[in-house]
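Both complexes shown next keep subunit A, but they swap its partner, so subunit B is in the first and subunit C is in the second.
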Partner chain A sequence: MTERTPAGSSAVVAVAPPPADEQDRVERQAAEAAAHAQARRPAWQRAGEIRNLGLFLVLAVLFVVGLLTKGHTFVDSANLLTILRSASVIGVVTVGMTFVIIGGGIDLSVGALVALASVWATTVATQSYGTAGVIFTALGVGAVAGLVNGLLIAYGRLVPFIATLAMLASARGLAERISNKRTQIVRDEGIRAIANTDPLGIPLLVIILLVVAALAWFVLNRTTFGRRTFAIGGNAEAARLAGIDVRRHIALLYVVSGLCCGIAAIMIASRTTTGSSTHGNLYELDAIAAVIIGGTLLAGGRGTLIGSLLGVLIFTTITNLFVLNNLQTEVQNIAKGVIIVAAVLLQRRAREAGT
Partner chain B sequence: MPRPTAEVLQSPAEGGPARAEHRARALRGPPVTSASGPTGAAPLLEMRGIVKEFPGVRALNGVDLDVLPGEVHCLLGQNGAGKSTLIKVLAGAHQPDEGEILWQGRPVTIPRPDAALAMGMATMYQELDLVDGLSVADNIFLGHERARFGVTRRREMNTAASGLLARLGHGDLRPDREVGALSAAGKQIVSMARALSHDIRLIVMDEPSAVLAADEVDNLFRVIRDLTASGVAVVYISHRLAEIAEIGDRVTVLKDGRTVATGLPARSTPTADVVALMTGRTVEHAFPDRPSTVAAGAPEVLRVEGLSRTGEFAELSFSVHAGEIVGLAGLVGAGRSEVLETVYGARTPTTGRVLVDGRPVRPGSVPAAVAAGMGLAPEERKSQALVLQASVAQNISLASLRRFSRLGLLDRRRELADAREVAGQLDVRPADPTRSVRTLSGGNQQKAVVGRWLLKGCRVLILDEPTRGVDVGARAELYALVRRLAAEGVAVLLVSSEVPEVLGLADRVLVMREGRVVREAAAQDLDETAVLDLVMSGSAVVDPAQELDPEQELDPEQELDPDQPRGPDEPVDRDHAADRDHAADRDHAADRDHAADRDHAADRDHAADRDHAGGPQHGDDAGRGGSEQTVARQGGAPA
Partner chain C sequence: MTDSSDHPTSAQSAGLGRRRFLLGGAAVGGGVLLAGCTSNAAEPAAAATSAPAAGASSAAAPAAGTPVTIGFSAPAADHGWVAAISKNAADQAAKYPDVTLNAVEATNDLNQQIASVETLINQKVDAIVMLPGEGKALTEVGRKAITAGIPVVNLDRIFDTPLAYRTYIGGDNYGLGVAAGDFIGARLKAAGVSNPVIGEIAGIDALPLTQQRSQGFKDALARYGFKVTARQAAQFTVESGQAVMANMLQAQSKLDAVWNHDDDQGIGVLAAIEQANRDEFFMVGGAGSANAMRDIKADNGVLKATVTYSPTMASSAISLARLLAQGRGMGDLAELEVPASLTLASATVTKDNVDRYLPLGFES
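Showing the complex of A and B:
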């Protein structure tokens, strides 16, 4: 993640006043030296100092608030696991959203895809194929719907906003149609067990999120696919001229997002033991908000997965605090809005100071 | 080296594709294609009768080009001549509508950029092809990353990138630096390293020297000579005609999407001939005559008193009378555009005030400036002046909408009628004001911008680089138009990077340097050399035509002023650097060179890019438009 942070100009290098004709060269060397100093610092330091530091600070403040208002109830390990568990489903969706947004797109259909996949995977017919059938169906529905998004955007040249808005409407409609607007009960024991298993005391749902996030981090930062995602989001024309099949890549980004929705659908079906066309309501907004406050540029080309996950944690912690303090959800939504604006303004300031 | 026979077609072609095809055939004749290069080898690349159309514009209309192995083939042409489109066709980014491409004697199609790279053709675009957010190594290997099973091998890429950079003489450039943080010259190096990271037989360089300092240009030439020595062909695009004589083997000239000459020997073809081919005419500037009575008793319309903006310009005072054209000359970074924008209220001054007709205008407010009767035709026409999707009429009426509205409802018929009248007065072509302004040529777009203020009825017209991206023919019309508006009593304030334009059009000239006016004089009392000296050094006027007394030479102290600010990212013009060297050199011959350099500067003015017809292929050109070859790039920004 760290190599994306803007090369800081903060490092100061003392240079004796050069003769005029040496000016250019010395300035160049100074800039290089500054970059060296920057590069020599350990990765975790560079990670912290630019972008994610602010997010950790916000989390810390929220924890202090939790401690002050609810004390032991808040820092209780059960409560902390509750926060993580409630972050898990939206967290997985946010991972997919991070790919899409770094690649210069947006996916408004994630919430609807979670609903569609959860409904399709929990019909009586699907459940008759057992746990594997449910999982396969959810993943398949998510991936195929994502592919439709991707094809419309990459090859049909629809603006991502419009293509995924259409998908949002029709996927939710299809989910209602399949379920007849009724809540479908998950009877498969294997699926039900997912939310109730706590290996080593950690909920399996949280482990799923961690595995998905780790995999996504690796793909984004250590693979050709990830590198090209940043390139396409940063300058699609440059990527095209470099010989990258930009359209195929963009289509794949939406498949990744759809696949994440499929995973999230399994998790939510297990957690609520239902499949419903109302699952995942407004997930698109939560996921986009988490990605944005995580420091990813909405225009694409820059962003970090860790930032997105911190964004999710911040939102779920706020929700938890409000629930513990019996505050109303309206106030909670206002707080979310304020945090989005504040985070983006702070990041802009940090970026301007950093470059 | 045996000089290939050149065939030159000078008459501008009239008529349609048939005629072009005929011309293409003529160009394909034996004298050109049989020309043997340095090695006597068969052409590596041949392009025959390439045609490429975009909606509303025929960007390429019969281009022929043949490149021999191991040669430096220079591609010349004004902006809009089709160079950018041509190299994109070569790179597989555009598909030609007609014509054929032969690679090593075999006909080929280049359907996608990776196909061109696979064939061994790499292209260095003008910064266009780098991703700012990625590291140097990532950019170099973008699209062909070193990876195993999709997992990138970062260390290997960094090592390989370092090797390539070292080969380019920049081993000090760290491969893990973010490209966005590099200077323009650094980006150019990365771009070149990327091209060399492929196994190439031919490399296209689009103005590689535009952002390089003198020593870096030498380095670039060293790399090019290395490449050609190993048999790699280079297609070299530059507007610095002196460079072409230095590094080039043969020259192909494009004009209006056609090849007008090919196979010219680069070293022996006179510069004037090349310029004539590129422009299709020998006389560049046609300024209207000045009225003999320049605003003698005319009232003062615009008055600027002690205007300053911290870090940009200081203590500026001047006035413009009705019917007078006042020009601001100076380098980019001398504060010219900033002055205009401050006068117009787009920037807030630190001190000082602006008065129109004796009444002070509220500072820092564009609406106040417009209400006082000011109008601005800004530097970046497409991004700052025009609503590109809208029609010509809607663009003209933009500043006068209140006049056409009643209770908030627009009287569209009257709007169109008035706009049509203005467009007719200004001779905006095509004459249909309902056309999208995007489809107009640069010159006609500029007329529409001026028309906006004509309709509004402005007292002060502020023109920032009015002829940037405007072709030579339309320039003369714009000059006549500005002169006519002045004759009707408008006070005109003009900024141009092209000194001849300021001198030819303005009545009075303020020469700016580092945010201050260093000279104010009637335009007749200044010449180009004097102005160039003033803007670059602030030294005494030196007329290179005269025999120089050593005592009157440029003061080297001043020339090498260490305080002369220059940002690390500021492109440094090598001619400027050369000028400094010459100034430092007391040898008499050096002064002749100095003078010769100025002549070159003038030549480059002639050669300067002129955006011709607004078309899709200009997207990447428009921004950097014509000023590149002018004094604009020769200086630094104030600290």
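Showing the complex of A and C:
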């Protein structure tokens, strides 16, 4: 009986518009309440670390397989950097996707946005503005398209699945229209250099991913914005009652995702030396799969960024192993499916063992 | 490469572009309607007056034919090659004053392509040129056209049965692989390389054409006693070409030769090679894009040759359809009729002959 009283009273406080100085405390409570509603017991962060243990195990198994089958070729630093380099582009997209999914949404348009941003940023006209023009255009296109997604979902009350599916179709269509369905060559030396620069022996592409991931981790785990994201994903209604501007926040989550797509577009334009409406094909599936394998709840409210990035690493390591061993395409597809299921099972077992 | 005027750079000009697109769509739609009306009305009269004259001489000059309407259907362009097919067909038709081209909207939806070919049949066009999205799936509608008395020119992706087309014209996928294998085999033999490391970057692996290309490559290399060391499939896109090649370069610390099936994905393959700073091998492309040919001409990278799978076949298909509709044969052949099947030869384009082929190369 006594335990119910504080919970009840805090709900009463939340219904009334909270005083400005109390806002932060109430949000904190709401976030925790949402986490409690979903998780078995507190400290979802610690549970997340245990979950990641399963992913580290999968990665370790893959590394052992690589060592046994290809030995030096696999552990060669050039090869490991190749794995990281191929993880970089989809990694940045996955960071944005993690925000959206933790916030209770989904973004199916990421692949199409990468294509659109890469095409718009590499037209002859855009390239005439130099490296800065290309970068600014890619980021701008990504952010604005993400904002359109966000406005449709938050204020237009469209289901995220439908709104971003619509964006997927029209963004790719617009990319084809702008590029005239041709592959646009990147002539700008500054952009081309991104994929060829290795400061301190680490590829710039990988550094970009690390910076984006570190920033995102900080925002998600150490700021109000991050706390609100978890709260809204856990229980949007409770978050609204706690005084969070849920709609504005949801719109911002899609802007974050769009911005990540813009960054990824610059990276892919440099890596392939082209902008093309075929870029980013099926990125939405790869990114969502990595986020889910990483232990983020598809329903939202719970998840870790590190898990998502480990999910990406698992995927790119698998692909690398396949090519190193010269496996046939159909064998690759079968093995990929089996490994995904194994990863999810292992991760669940590790989590259950932890609790 | 690509003309800047087509590329909107701000939201405003994109809006304009879209509006222009809509207007253009309306104009094309109107044109199709008009063509349908005029061909229905004018065709019987014209056919009645000039049919005997056309039938008499098979080697007549282009201008001297019965006015005919040719229906054209192809998949929507998601690749430079497919884009070139539609463009070549339109350009070729424009060369003939007696040909009206009725091109239905390009689509990658097989259902919609069937529907649009049915529209062409209903309009009673004089001949149909069709590049099916998938040969087997459009066989039935090809048969329907033949049954309705309309000659069908089946372009590249072959129907299930010859009953569905009057004439087939297409590329030689097996021959493409053979040409690439011969170039690589001969060059390595001449260089005296024994046990060469040969890489192959294929296109979409599930397609029969990819299997045929790889088979031809393998068979040709076998004649030199060589084998493919590493074979991986990409997706015909720049991005997939880059990703697969980046990994293959790690797998093979030293390569002697690489064949990449497709010049569009080849842009990505070349980017991966450049990023890995590798140049100990030579590479052969496939399909014959203008881009690849310019690289071969410049001769400043690993790309030394490409083997053609030329979209000019669409130009020839329009010419064939015109002859069929006018009831004529092919000029230099003895027969009075157009042959039932034509398979293009795959040419090997190198630095020595690139100038001849460059005008036929398609833009990526």
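By definition in this document, the second predicted complex is superposed on the first by the 285 of 355 C-alpha atoms of A that agree within 3 Å, B and C clash if a C-alpha of one lies under 4 Å from a C-alpha of the other, contacts with A are read in each partner's own complex, and residues count from 1 in each chain.
Keep this in mind: a residue touches a chain if its C-beta (ideal position, glycine included) is under 8 Å from a C-beta of that chain, and two chains touch if they have at least 3 such contacts.
Remember, it's a predicted structure, so these values are computed and weren't measured experimentally.
A.B. asks: Of the partners subunit B and subunit C, which touch A:Arg222 in the superposed model: first, second, both, neither?
C.D. replies: In the superposition, A:Arg222 contacts subunit B only.
A.B. asks: Have a look at where A:Ser170 lands relative to subunit B and subunit C in the superposition and call it first, second, both or neither.
C.D. replies: Touch partners of A:Ser170: none, neither subunit B nor subunit C.
A.B. asks: May I ask you to decide whether A:Thr272 touches subunit B, subunit C, both, or neither, giving the answer as first, second, both or neither?
C.D. replies: second
A.B. asks: Quick check on the superposed pair: does A:Leu324 touch subunit B, subunit C, both, or neither? Answer first, second, both or neither.
C.D. replies: A:Leu324: touches subunit C, not subunit B.
A.B. asks: In the overlay, answer first, second, both or neither for which of subunit B and subunit C A:Thr131 touches.
C.D. replies: A:Thr131 contacts neither subunit B nor subunit C.
A.B. asks: Go through subunit A and flag every residue that touches subunit B in one model and subunit C in the other.
C.D. replies: Overlap of subunit B and subunit C footprints on subunit A: empty.
A.B. asks: Could you list, by residue number, the parts of subunit A that touch subunit B in their complex?
C.D. replies: So the residues of subunit A in touch with subunit B come to 3-4, 6-7, 19-21, 23-24, 27-29, 31-32, 35-36, 39, 222-228, 230-231, 233-235, 237-245, 301-302, 355.
A.B. asks: Per the contact definition, I'd like the list of subunit B residues that touch subunit A in the complex.
C.D. replies: Contacts found on subunit B: 91, 93, 112-114, 116-117, 123, 125, 128-135, 138, 142-145, 147, 150-152, 154, 172-174, 176-178, 180-181, 183, 194, 213, 560-562, 564, 566, 568, 572, 580.
A.B. asks: Using the touch definition up top, name the residues of subunit C that touch subunit A in the complex.
C.D. replies: 1-4, 6-9, 14, 17-18, 21, 77-80, 83, 205-206, 229-233, 235, 237-244, 246-251, 253, 264, 267-268, 270-271, 274-275, 291, 363-364
A.B. asks: Enumerate the contact residues on subunit A facing subunit C in the complex.
C.D. replies: Touching subunit C from subunit A are residues 70, 73, 76, 78-79, 82, 85-86, 120, 123-126, 128, 137, 174, 176-185, 195-196, 268, 271-274, 276-281, 319-320, 323-324, 326, 328-330.
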